[in-house]
Every structure is written in structure tokens, then in C-alpha cells.
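One chain, subunit A, appears in both complexes that follow, with subunit B as partner in the first and subunit C in the second.
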Partner chain A sequence: MPSLGFASMIVALVVCVYGIGASIYGVRADEDRWITSGRRAVYGLALTLLTAFIVLEIAFITNDYTFSTVADTSSATTPLLYRMGAVWSSQEGSLLLWALLSSLWSSLVLFLVKGRMREVSAYATAILLAFDGFFVALAVFYANPFETLSPAPVEGAGLDPLLRFPTMMIHPPMVYSGYTLCIVPFAFGAGALIARKVNMEWIRSTRRFALASWLFLGGGIMLGALWSYSELGWGGYWGWDPVENAALLPWLTGTAFIHSLMIQEKRGMLKVWNSSLVLATGTLAIMGTFLVRSGVLDSIHAFGGATLGVPFVILIGAMIVGSIYLVVSRRSLLRSEHKLDSMFSREAVFLLNNLALVGLCFVIFWGTWFPLISKALTGQQASVGPPWFGRYTVPLALILVLLSAVGPLIAWRRSSARNLMRNFTLPLLGAVLTAIVLVALGVTGKPPAVAMFCLCALVIVGVVQELWRGARVRSAATGQMLPRALVGLVSRNRRRYGGYLVHLGVAILFIGVAASSSYQHGLEPRLTVGKSAKIGGYEVKYVKPTASVTPEQDSTHTGSTLDLGAVLRVSRGGRYVATLRPTESYYDSGEESQGSVGHLIGGQPVSHIAMSSTLARNIWSAVEPDISTTRFERIIEVGNKTIPITKPEDGMIVLAYLAREYLKHTPPTAFNLKVQPLLNWVWIGALIIFGGGLIAISPPPRSVTRRVRARAARRTVAAERDLVSA
Partner chain B sequence: MSPVASLLLILLLGAVGAIVSAPLSSARRRRAKHAGDLAQLEAAREAKYQEIRDAELDFKLGKHSQEDYEAVDATLRGEALEILDRIEDLETAAQQQR
Partner chain C sequence: MSHPRKRTIRLIVALTAAVTLAGALMYTSFSAADPAFTPSQLLYEAVPGRSYQLTGTVVAHSVKREGAVLAFSVRDRAGEASVPVRYTGTVPDPFKEGREVIVTVQKSGDRYVAEPNSLITKCPSKYKTAPPKEKHVY
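And now, the complex of A and B:
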């Protein structure tokens, strides 16, 4: 089967080359059939890559270690769910996934624009196939997922334990979908510039894909944050890691594009800006992919020892040079059709929001790439940490939240002072009231956080006011009850109210970020059994240790061999609050050099945190048991000497003995404890953003679409003109 | 390569070949000259109608004063009429070409 997979990749490469040629020839020679054949090459590519992916997936499921990548990243002891996801845990498999997702999204967009934008979509087809071809070529020539081993090992190395976390099965496909979807508007934007058809149609046709990339990338980023918070044992969800930042950059420019494209749709303005944004978003998506695969920066998310830097640098260089050439050479076509009517308009707010988003993007870009820049200039790799990012991103985030409050409250084109007063009174009162309550509660220590709470109140009251007024208008017009009117209002104006919900989610998320980062308490005590530590008004008592020999008793089903942990009792003022059971899991490293018992727990240990979680606060705990004491090392040493390597089941008996000894003679144990106010608001806000995004992206109800189509079919242009004139 | 893998590869090649080559046997070579322009104008018309509806909703929600709304609405309808004129011109030209 490896040969079928590899042959599919070769076919895929040939299809890419053919499709590029057919599309360009078709549009140059004005031959529709070649354009269509080029488009269909994308469908063929998707089918071919799907075949290759299925071959690889079957190899992982069936533990076929003749595949080198299966032997390196999976094992029989890796649970099935994680084996299925292990396909994209390697450089090779993830390249294939990238190309597959890209071909699927490309097929979908080309199917949807079939028969429209002939020249633009032909060039876009060629560009999409060029990207797909690039990734397929990397997989064929640099990182072949179908490379074989002979003889095949009897057991694989297993999936990195850190990746054995449910959201990690969804996180990479979501981020890759986000990245690959960024390429769709890029291809159509570039295609429109090449074809000199820079009007609205390409924007309208790819708008949903821009939104989808934003949605997937955002979802992927948040799942990564959840993984970091739940799995990495440091209690944070955002560490300004280069790879995390790299995913955030196209998301930020994508957010700017989603806003500014509305100005082009409505007013024919900002064409240069939009073209530049869409090209920058695509380029940043590829740069993010480059960071993970090139090995140029240290990151927990990057593929170690990766060597794909040079091809990516060439691709990124071509994208930057090509983008600049296209925008500069087509600047006469990109002139605005209108001018800004008033600074008190939604267009003006969107412009400011774009500037703030691009400013934020620039700051994060600089901080992320600073190590490489400093190395190039001084020969030494310096890096900037969270305080540096905080210094610049916090003020910009405050400005963005302010603008996200103002946007929904202000009209397109122009707003009078009286209308502004009418719309802003209540939200401003909400913000002022929030400030008063915070001062009364004594929450004054961190001015940026207090400012953020007030601005978030401005957003929340503003959005609620918009929903309320809209529902009332609809209720008055239709006679429906308010809740039904509200549903109808959102359903019929999905883009507008989906967007407002996103703003609401952003406000809730930022409340969580501001509160949890500014007012959290952290402590890293070393406790013996029976001792307590005090943190943030809570008392945490180390009640007893826990130990289990797995996999049978592995509560988190990650395929660990030994779990050591603790039972913690949390109380406040003597009153019981919660019981926490953090553990640390140990895994088989598969390295015989560590000994017959040593290798059973020689893999990278992974922390499974425990927390008591409410809307108001999280009490978060992680444990780091100490098994490096003489007593435990002696047990492993004796086990290594007496148990043959071929009898891992006997090795497990030694581990059971070690676990019993750990319970009887528990050494002082290191804990990481945190009390984080409002942290769950981060996840709730993210869910609301995702929900709002889904509403905004979804097509209007079928009844409305049917009615509009029927009306359009009935009307002649003359009749329509009469209606518009009326 | 095993016989099953070979068979699957042949099937894949056949399917991809059929998908890609089918349009090449089509007799239709060129599309109507004005079809692309018409599609663009229709997209512009739908966007303008949406803008008219948005302005109306904004007015009902109290974001526009009566005067502002009337001015904005008149401008938008004027722009919509311009687009409709261009659509009509294009349709007339297309009919004459036929």
C-alpha cells in the first residue's frame, strides 16, 4: 500500500502541473473548455490526495510499521483515537493534510463560482494549484509520508504524549483549514488583479471563504490555547510562542479584511487596501506554515529538526514580490469610486479599526521575528518575552475594543450628533456604572484592566441595545412576540447580527483575559502529605498521594504506563470548596537503552491538571511528583537488572511495586497552584465569537432566497427601475 | 505493488483522467462576450439593494435622522438606477449581437 500512496502523490503532482497549464492556456487563448478542464483538475487533485490520505490513515489504524511515519509517531499502545490523529503529528503527514485540505477548499470555491468570473477564476485556479503543487512537491521530494522501513519494526515509537489530548485531534485540522482557506481569497484577489477585474464580484464570491478562514483559524487558536491551559502544566493559555503568534497574524489581517471589504462592497472604496490585505493575509498564512516547518525558531509547536526552510523562503519571496508588483501595476484600476462622507460614519470607524488591527499585527510580527532579525544584525539570537508584547498590545487591544463598541452604534455614510447621542447614552452609562462598581469593590489596582472592563461594558450594552431595538422594530412590523422577533431579526440579517455577536464574544473574552491575567494568584509550593498552602484567600491541603499502574487504570485514556498524583482539599475560611486530583502521567519511551523498567516510564511525562471551575474563578492545580529519590531509582535499577527487556508485563509489576512504595514513602511534592478570576469567560467569549461567526457565514434562510430569486425572475430591469425610483 | 494496489491506482488514474478530459471534447469553446460583465453588474446591483435595506434598518433603529436617511436613501437609489441602466445597456447590446 505505500506504493499506492506514493503513486497517488505523483499523480497529484502531474495533475497540478496540468491544471496550471490548462487554466492559463484557456484564459489566454479564450478557450472555455481548457478553463473548465483546469478547474476540474482541482477536483481530480482532491480525489487523488484523498486516496493518498486514506492509505496513510489506514496504515495508522492498522499499525502498519512498514510506513516510516507510522513507526515514528504511533504505536500499538497509542489509543485508537490518537492513532487516527497521529497522521498529522509528523512533518510528512501534516504536509499531506495541508495539501488535501487546500484541494478540498479549492474544489468547493471553484464549484461555487462555476460559470462566473471566467478570467479571474481561471487565474485563481492556476494559483491554487500552484500552492497545492508546492506542498505535494515538498511531500514527494523532501518529506515523503509513504517512505518505507525494511525490515519493519515490531512496535512504533508512539505518539508524543503531549499530543494525547482530545482538542489536539481537532486543533491541527482547524488551523490548517484556516491557513488553506486564507489562500482562497489570496488566489482570487491575485487572479482579479492579473485579469484586471478588480470590481466587487471576486470579493462577494470569496467573502464567505475569508470568513471561514477567520473562523477556522480563530477556532484553531482557541483550541491550542485550551490545550496549553489544560496540558502544559504552566496554567496559562497564551505564551506569545512564535507559532501561536504566526497563526494570530493572518487572523488579525483577516479580521481587518472582513471589515474593510464591506466598505468596498458598499462604497467601492479601499480597493488598494483590500487587495493588499488579502494578499498579506495569504502571505502571512504561508509564513506561519513556514515557521512550523523550517525549524528557524524554537517553539513547542514546531517540528523538530525540520529542513524545509529554503523552499518556503522562495515561495514567500515570490508571494511578496508578486503581490507588490500586482498592486503597484494595477493601481490605476484600484482607485476609489467614492470618498468618505463623514468621520462620524461606520466607514470611518472601520478604517480606524483596520489601522489598529494592522498595527497590532505589525507589533506581533516584529516580536515574533525579532530573534531572526537580531541574529541577522548582531549574530546573536535575542528574543522578546510577554512583558514586551504586553507593553504594545494592551493599548492597541483597548483601542480595538473601543472601536468594536462604536462600530455597531453608528450608521453607514453619516450620523448626526443627535443620533449619536441617542445611540451612545445607554452604553456610556453602562461603562460609567461599571467603573463606579469596580471602584466601590476596590478593583482599582490595574488601570489597563479596569479600562478594559469599562470598554467591554460599553460593547456589551451597545450590542444588547442593538438587539433589543431591532427586535422591537421587527415585533412592531410583524406582530411577533419579542423572542421570536429577535430570532427572525438575526436570521434575516445574519451578517450584521452575527457580527454583533462576535463583538459581544470579543468583549466577554477580553474581560476574561484582563481579569485572569491582572488579578491571578500563583504559587509553586513543595508540600509533604498533610501540609497546606494559602493562595488567593483559599487554603489548599495535600491530603494524600495517588498512584496507579496503567494502561488499564489510565483515567485519561492516553496510553500512559504510570500515573502519580495527589488529592488536594481546597477550603476558604474553613469551609470546604473542592477536591482536586491532579496527576502526572509517565509513558513508555520505547528506548531499550533506558532498561527493561526504565523505558516503561522513560517517555516525556505529561501533567494532567485538575481544577475547580466556576464562572467567577478557576482554582487550578498541577503536580510534579518526585521519583528521582534514591529509593525509587533503586527500584528501577534493580528492575532493569532482573527483568528481561522482552517481558514488559513483568516490568509493569515492578512499576506496581514502585507505585506502592510511592504511596507509603511519599517525598515532598512540587505543586503549581493558581487562582484565576473570570478565566472561563475566555472560553465562553470564544464560543460566542464562534457562534456569531457561524451565523454571519451561514446563507440566508431558504425562504428568503427563494423569494428573492422568484422576484428577480419575474422582474424586468425596467420594472425593477420603477421600484427603485419609487 | 500488490494487485489490489495496482487495480486501485488504475481506477484512480481512470477517474482523474475522465474528470479532467471530459470538457475538452465539448463543442462550446467561448462564452458570450458580455456574460462576465453582466455577472459583475448583477453582483453590484444585489450589493446596492442590500445597502438600501441596511440604510432602512439603520433608520428604523434610530441611527439616521429623517433628513440623513432621506439623503442617503436618495443617493443609494440613484446609484442603483445607474447600475440598472448599465445592465439594460449590456442586455440590449447582447441581444443585438445575437
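And now, the complex of A and C:
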């Protein structure tokens, strides 16, 4: 099996080299056969990589420890779902996944543009295959997923328990899909510049891919945030970690591109800017991948001991130099067809929104790469923390939310005073009303948060007003009831109203971010059984400890050997609010040096948090039981001496005894408690953004497509008629 | 005013604003940054009252709970020099002896007091800890 997988990788590499050659020769020699052959090489590549991936997936499912990567990141005690996801938890497997996803998306886009944009798609094919070839070559020469062990161990090291979380199974493929989808517009943008065919066709053909990359990257970022909040035991969802930031950077430039693209479509403006954004987004996606794999920056997520720095630096250097050369050398083809008519126009707002997004991207880029910048300039590595990021990102976020309120309401080209009055009166009233209510409620501290609430109200009222007006007009025209008219309205104008829903989601998300970060209460008490702690107006009482032994008893189904926890009673003013049951899970490390009992709980301990969650607030708790006391260490020591390593079932009996002793003689226990207002709004906002994005990306109904095509055909006939008469 | 002249003025104003903002950003990043030190650097160069970002490996058998304080030592990744750290706040799940950590500290006598909640631990899942067995490449 390993030989089949490795052979597939070699074939994939050969296919990449062939496809690049065929595409470039085909377009240079004007030979359609070779261009077609180059495109088919991409389909072949996808099939070959799929074969390699299936081989590796089967090895994980069947616990085949002859594969080095299976022995390192999986085990028989790892539940099946997590074994399947463990494929991409290693450097080797994740490189294969990257190449596979890239080849699948490349196949899809080339299939969709078949027969169109001959030259552009030929160059794009070569570029896409070059990226795929790069990742396949890394997997073949630097981090081979089909490396074998001899003799094969009887049991693997197991998937890190921290990753045994449902969203962690989806998060990496989503982020990788986002990164790889960024490469599609990059390849077509560069192809269009090389072929000097910079009309709208390549943009129209890859627009959905740009939106899909934005959607996947955003979804992946939010799933990562949810994992961090639920699994890492610190109660936060964003820590300005380099790897988090790296995924955010192409998402920001992608957001800018999605907006500025509309200006090019409507007015033929910002062509240089759009080409630059597409090329920058692709380059930032590769930089994000580089950051995780090179080990150049200290991150909680980076692949340790990674050695892929040099190949990535060469690739990124080539992308930057090539992009600058293409944009500068083709600048005469990228002249704007129109000029900005007024600062009170949608174009101007989109332009400002682009500047703010790119500014935000620059701030985060600078802060993320600052350790390397400071090392290069001063010889001393230094890093900036969350307060530095907050100083710049908070005002920029406020500006962006303001612009996302204004953008959908202002007219293209030039807004009249009447248009401004008509569209802005209600949203402004909403914002002012919000300010009055907040002042009346005494929410006046933290001015940036208060400003954010008011701006979000501006967005929400603006979007609701647009939906209401559209639905009312449609209802009057068709005689439909308002809800049905609203569904029809959104369905027939998916791009526009999907975008509005995204804005609505952004506003809701930012309300959650502002409230939960500005008005959160946190406490880390050490409590004995029966004692209480007060936090944010709530009283949290440690009612009793809990304990369970063996993977079968593990309520979280993550394969833990021992779970210790607590029952907490939350009350407010003497009235019962909730019961929380946070636990800490312990796992088998498989390291015999820790002893026959010690290794059973010697793996990575993981917090399983408990929450009382409503729309208004989350009461979040994590527990850190102390089993390092003399009593418990003695039990483990005696167990290690008396139980043979070959009898883990006897070791479990010792753990059962330890658990019973823990219940009888519970030491003071450390808790992490938080009261976070409106935190669920972050996840709800993210869901609305994702839903809005899905609506915007979905193809319009057939009747609309037919009408648009008929209109385009009429225009073509009219143009031909004009040409003939001329 | 003629159109090309108007455009030039606009461009100059925009570029000046961009350069000023970028300059402010760069200046504040240097003044707000904490130097990243290894334990051996910290031993020789740290001065009281200044924050440092300490990176290194948690020394085996050095982790002790003293009430709300977590005491542990951090050593060089490839070396023996180590410094004692006293930390309060949230302890990330991956924190363990032998793991790589990043923590912001200030010198206080011969100890280093960590900024509360500043401890982060590198995710161990992504480390290759392959047993030293013979490996084949097909």
C-alpha cells in the first residue's frame, strides 16, 4: 500500500511537469490539441492525488502502522471519526491534502471555462499545475506521507486529544480550501495579464471562486475560533496568533476584491487595483501556508521543527516579483474607462472600504511579521501583543462597519440630497436611538464599544430597510404575501441580497465581539467543595467533584482514560440559574517510560468546558483538577511498581481507585470562570455571514439566467447590426 | 484648477497620509514591542522593570503549584541554561513539562514574574515525535 501511494505521488509530479509543458507549448505554438492535453493533465492529477489520499486514509482507518505518519498521529484508541481526520494533522498529510484540494478546484474551474478564454486558461492551467507541482514535490522530497517504519509499532502515538473536537475535523479542509481557491483567481489574473486579455471575462469566470475562497477561509477562521473557545480552556476565541492572522490576511484582501470588482463590472474602473488585489490575495495565501510550515515565527499552531522555509521563500519571491512585473508591464491595458464622479457615490465608498481593508491587512501583516522585521533591522527579535493590534484594528473596524452601512444605501455615480435623505433617515434614527438606550441603561464606559453598537444599528436598520422596501415593491407587483415576496426578492437577486445579509451578519458579529471583549468578567478562583465565588453578579458554588474512568465512560467520546471534574451551581440573587459540569480529560500517552499506570494518564490533558449559554450572556467554566498531590502521586507510583506494563486493564483498576480517592479527598481545585455578554452573537453573526455568502455564490434561477442571456444576445445582435451599418 | 493638477494634488495628499500612518504604525511597533529572549539571553541581559517575551522548554520536574501561583523553570531549546518563572492566570491545556512555551516576564530579584494570562504553549500535535526506528522511503 505505501508503494501505491508513493507511486501515485511520483506520477502526479510527472503529470504536473507534462501539463505545464503542454499548456505553454500549446498556447505559444497555437496548437489546441496541446492546450486540451494540458487541461486534461489537471483532471489526471486530481485522480492521481485522490488515489494517494485514499491510500493514506485507508491506512489511518485500518491502523496500518507501517506508515510512519499513521504511527505518529493515530492509534487504535483514537475514535474512528478522529482517525479519519488525523490524516491532515501531520505536515506530510496536510501537504497531500493541499495538493489534492488545489487539483480538484483547478479541475472544476478548467471544466467550467472549457472552450472559452483559450489563451488565458492555457496560461492559468500552467500556473495552477506549477502550484500543485510545488506541493507534490514538497511531499515527495521533504515530507513524504508514505514513509514506512520497520518494524511497525504495535500501537500508534494517537491523535493529539486537543484535536479531538468535531469542528477540528472540518476546520483544516475549510482553511485549505480557502487557500487553494485563492490560487484560482491568481492563476487566471496572471494568465490574463500574460496573454494581454484583461477584459471582464476572466473576472466573471473566476468571480465565484474568489467568493468561494472568501467563504471557505471565513468559515475556517470561525471554526478555529469556536475550537479555541471550546477546547483550549482559556475562554477566548481570538489571540492574534500568527497562524490565525495568516488566514485573516488573504480574507481581508479577498473582501476588498469582492467589493472593488463591482466597480470594475459597473464602471470599468480600478483595473490595476483589482489585478493587484487578486495577485496579492494569492501571494498572501501562500505566505499563510509558509508561516505554518516554515517554523519562522513562534505560534501555538505551527508545525514544530518544520524545515520547508527555503522552497517557500523561493515560491513567494517568484510570486511577488512576477506579480509586480505583470502589473507594471501591462499597466497601459489596465487604464480606467471612467473617473470617479463624486465622493458621494457607491464607488467612492467602495474605494474607501478597500483602503480600510488593505490598511487593516497591512497592520496585521506588520504585527504578525514584526519579529522577523525587528530581527532584520535591529538584530533583536521582538514581538507586539494584543494591545498593539487593538490600537489600530479597533478604529479600522469602526470605519469598516460605518462603510458597510453606507455602501448599500448610497447611489452609484452620484447621490442627490434627496437620495441621501430617503435612504439614511431611518438608519440614522436607529443609530441615535441605540445611543440613547445605551446611555439610559448606563452603558457609557468603553466608548469604542458604544460607538460600535451604534454603527452596527446603522447597518442593521439600513439592511432591514432595503429588504423591506424591495419586498413591498415585489409584493405590490406580484400580489404575493410579504414573506413570500421577500424570499422571491432574495432568490432573484442573490448576489445583491446575499451581500446585504453578509453585512447584517458582520454587524451582529461585531456587536458580539465588542460586548464580549469590553464587558467580560473573568475570575480564576481556587475552591474547596462547598465554597463559592462571585463573578459578574452571579454566585458560583462548587457543589461536588466528579470522576469517571475508561474510554467507555468518557461522555465526550474522545477516548480519554480518566475524567475528573466538578458540579457547579450558578445562582443570581439566591435564584437558581444553571448547573455546570466542566471536566478535565486525561489520555493514554503510550510512553512506557511513564510507568504502567502513569502512561494511562500521561498524555495531553484536555479541558471540556461547561457553559450556560443564552442570547444575552455566556457563563463559561473550565476546571483544572490537581492530581499532583502526594496522595495521588503515591497511588500512581505504587501502581507503576506493582502492575506489569502488559496489563493495562489492571492499570485501569488503579485509576478507578485514584478516582474514588479523588472523590473522597478532593484537594482545592482551580477554576476558570467567565461571564461574557452577547458572546453567542459572534457565532450567530458568523452563521448569517456564511448563509449570505452561500446565497450570493449560488447560481440565479433559470428564468433570470435566461433573461440575462437573452439581454446579452440582444446586445450582441445590436452591436453586430451597428457594425454592419457602419 | 485643471484636472491633471487636481489628480496630482490628490495623489500627493493620499500618499502623504499613507506614509504618515505607516510611519506611526512602524514607530509604535518598535516602542511597544517586547524583546523575545531565550533563557540564556534573559540571564545575561534582562533588567528589572522591562518586559521580555521568554521562549523555551519547560524543565522536567520543575512544575509546582503554590496556591494560585504556578512555578516552573524554562530552559533553552538547545542548551541547559534555565530561569525560574512564577505565573498566575489561565494555564493552557497543552502546558506540560518538556513542552515549548512563550510567556511574557519581568525580572524580579533572581526570579522572573510572568504577566498574568500571558502563557502560551506550542501545539504539540504538530510535532513529529517518531520513535527512533529504521525508516524506509519507497
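One rule holds in what follows: the second predicted complex is superposed on the first by the 705 of 726 C-alpha atoms of A that agree within 3 Å, B and C clash if a C-alpha of one lies under 4 Å from a C-alpha of the other, contacts with A are read in each partner's own complex, and residues count from 1 in each chain.
By definition in this document, a contact is a pair of C-beta atoms (placed from the backbone, for glycine too) under 8 Å apart; a residue touches a chain by one contact, two chains touch by 3 or more.
Worth saying up front: this structure is predicted, and the values here are computed from it rather than measured.
Colleague: Looking at the overlay, what does A:32 touch: subunit B (first), subunit C (second), both, or neither?
Modeller: First partner only, subunit B.
Colleague: Which partner does A:480 contact after superposing on A: first (subunit B), second (subunit C), both, neither?
Modeller: neither
Colleague: Mind working out whether A:201 is in touch with subunit B, subunit C, both or neither, as first, second, both or neither?
Modeller: So A:201 only meets subunit B here.
Colleague: Which of the two partners, first being subunit B and second being subunit C, lies in contact with A:234: first, second, both, or neither?
Modeller: Touch partner of A:234: subunit C, not subunit B.
Colleague: Between subunit B (first) and subunit C (second), which, if any, makes contact with A:387: first, second, both or neither?
Modeller: After superposition on chain A, A:387 lies in contact with subunit C alone.
Colleague: Quick check on the superposed pair: does A:423 touch subunit B, subunit C, both, or neither? Answer first, second, both or neither.
Modeller: first
Colleague: Could you tell me if A:71 is touching subunit B, subunit C, both of them or neither one (first, second, both, neither)?
Modeller: So A:71 only meets subunit C here.
Colleague: Check whether A:336 is in contact with subunit B, with subunit C, with both or with neither, and answer first, second, both or neither.
Modeller: neither
Colleague: Could you tell me which stretches of subunit A are touched by subunit B in one complex and by subunit C in the other?
Modeller: Shared contact residues on subunit A: 3, 7.
Colleague: Given the complex with subunit A, which residues does subunit B contribute to the contact?
Modeller: Against subunit A, the touching part of subunit B is residues 1-2, 5, 8-9, 12-13, 15-16, 19-26, 28-31, 35-36, 39-40, 43-44, 46-47, 51-52, 54-55, 57-58, 60-65, 67-68, 72, 75, 77, 80-81, 84-85, 87-88, 91.
Colleague: Across the complex, what residues on subunit A touch subunit B?
Modeller: Per the touch definition, subunit A meets subunit B at residues 1, 3-4, 7-8, 11, 15, 18-19, 22, 30-34, 36-37, 40-41, 43-44, 47-48, 51, 116-119, 197, 199-201, 204, 265-266, 409-416, 418-419, 422-423, 466, 469-470, 473, 493, 496, 717-718, 720-721, 724-725.
Colleague: Can you name the residues of subunit A that touch subunit C in the complex?
Modeller: Going through subunit A, the ones touching subunit C are 2-3, 6-7, 68, 71-73, 89-91, 144, 146-151, 153, 157, 159-160, 162-163, 231-235, 239, 241, 298-305, 359, 362-363, 366-367, 370-371, 374, 378, 380-385, 387-388, 391-392, 524, 526, 604-607, 624, 626, 628, 670, 672.
Colleague: Could you list, by residue number, the parts of subunit C that touch subunit A in their complex?
Modeller: Its residues touching subunit A are 21-22, 25-26, 28-30, 32-36, 53, 55, 63, 65, 67-68, 88-94, 96, 100, 102, 104, 117, 120-131, 133-138.
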